[in-house]
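Shared between the two complexes below is chain A, which pairs with chain B and chain C, respectively.
So, the complex of A and B:
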């Protein structure tokens, strides 16, 4: 299954405005499927930076590395899952999205991402 | 941070804070330095400016030879340091930015905030002054003033 197909499963969920696969070390987009008006480059760079800091924090606390990040804001949210390969799979959502469904699809996509 | 043009200071300051770049050099397409952060020796600045402008000029020519559209940026990624070199248009002509960054940031963040720096500079640039005749007696004074602004001596 291609990376683009992995993202299709996410973007089909109502309330998901876009999904990306990102290289966490570089903060660069590898694959994206985004609605108009979303700056994929900015999402990739900023979420990768945040994810890196979260990883550093859990390492410093001697905890296992994080599997999923969920940021909620007034107008929407961002969920990011760490793929076993090291890639980050990110979903950009509206405020009323079914977060549980997005988490399941995101973790599934992360598991399959090469 | 040292700048020759005072209006460059605020956008460059914001870029340095947000990108966490270690060294930044802004110059014209011909390699004339406009602002710098992180260099301590003037010789290093001059060499970096000349080499950076040369690399981008070579890249433009290479793209031309290959029949490809002009390439605006070059990234050299090492294990300890990365170098991002990019050209952008300002109301004062085409400028080049050279950014050296470490593992505390990423090329994605540097590219993102460099794009914003280019936009901020385009907005902040004052209306170009009409060209005036440069007199020989002014030349040395202006050169010294520019060197003082860049290196503080």
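So, the complex of A and C:
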């Protein structure tokens, strides 16, 4: 399955405004499928930075790296799964999305994004 | 911004359901507008939904830390709940922000009287025990300020050693970073940041605009329960910080 197909599976979920695959070290977009008006490069940079901080948190606790982060806001959220390859798979959602379904799809996509 | 006067007019006419629908559509469309959240809070308060009104006014202060209406609203909610000392603190802040408001100064005098507040030179009330604020179980919750200085609680590393200072340093500035991300996407103020890890899961909250709370639990604790625990700890932390101030 191609990276674009992985993202299509995510964006088909109601309430998902877009999805990206990002290189966390430099915040570069590798693949994206976004609704109009979302700046993929800026999202990638900001989420990569946040994800780096979360890796720092688990490192400070001598824990293995995190698997998923979910930033929830009043009108939506950002979910990001850490792929074993080191890539980040990100979904931008509206409020009221089925976060459980997005979480599962993200983890699946991250597993395959080797 | 037609929704603001429309919802306000509906509220004044007592059509609270319709007013709330209009106001919430406004916050969905303009999630960074403090005035829209203030309106939602006032409608919630009129409906007797104190907790939801409290949340909405707290959101207002995260967007605009000097919003006098939010302090006024929080003072009213506290007074209604019989927490006169807390009401007094909110009102004092509202008066500081709008010293020209005579009605507010009058309300402050009345609440002062109700609270039995009297200036006692040289007396300051002892702050409550910080450990009581967070968790009975040590090492699972850490409260810090925005600059990464621990305020209460503590967090243990996998080996059982105290990792509070290291974790606090990592989390310094996390609030600003999360705010930048949600602002970019027009998602309004952020409420929680959850991290799923290997042996443990984490929840981050901002009990007040200038503090961050990290709550950790082993990964076998259900995610929904961790959310509730973090909410409870955040409420306790907020109260404790207000007491300290």
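Definition applied: the second predicted complex is superposed on the first by the 114 of 114 C-alpha atoms of A that agree within 3 Å, B and C clash if a C-alpha of one lies under 4 Å from a C-alpha of the other, contacts with A are read in each partner's own complex, and residues count from 1 in each chain.
The rule is short, and it goes like this: contacts are C-beta pairs under 8 Å (C-beta built on N, C-alpha and C of every residue); 3 or more make two chains touch, one makes a residue touch a chain.
The structure presented is a predicted model; accordingly, all values stated were derived computationally and were not measured.
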item: Combined model on chain A: chain C and chain B, fit or clash; value: fit
item: Contacts of A:14 with chain B and chain C, given as first, second, both or neither; value: neither
item: Partner chain(s) touched by A:35 [first = chain B, second = chain C, both, neither]; value: neither
item: Per-residue touch tally on chain A - higher for chain B or for chain C; value: C
item: Touched partner set for A:95, first chain B, second chain C, both or neither; value: second
item: Which of chain B and chain C A:75 touches, first, second, both or neither; value: second
item: First, second, both or neither for A:25, with chain B first and chain C second; value: first
item: Inter-centroid angle chain B-chain A-chain C after superposition on A [Cα, multiple of 10°]; value: 90
item: Touching partner for A:48 - first (chain B), second (chain C), both, neither; value: first
item: Smallest separation in angstrom, by C-alpha atoms, between chain B and chain C in the superposition; value: 9
item: Common interface positions of chain A, toward chain B and toward chain C; value: 42, 46, 49
item: Of chain A, residues touching chain B in the complex; value: 22, 25-28, 41-42, 44-46, 48-49, 52
item: Contact footprint of chain A on chain C as seen in their complex; value: 27-28, 31, 59, 155-159, 163, 166-167, 169-171, 174, 177-178, 180-182, 184-200, 202, 214, 216
item: Footprint of chain C on chain A - complex, ascending; value: 38-39, 42-43, 46-47, 49-50, 53-54, 56-58, 60-78, 92, 95
item: For the chain B and chain A complex, residues of the former touching the latter; value: 77, 105-109, 111-112, 115
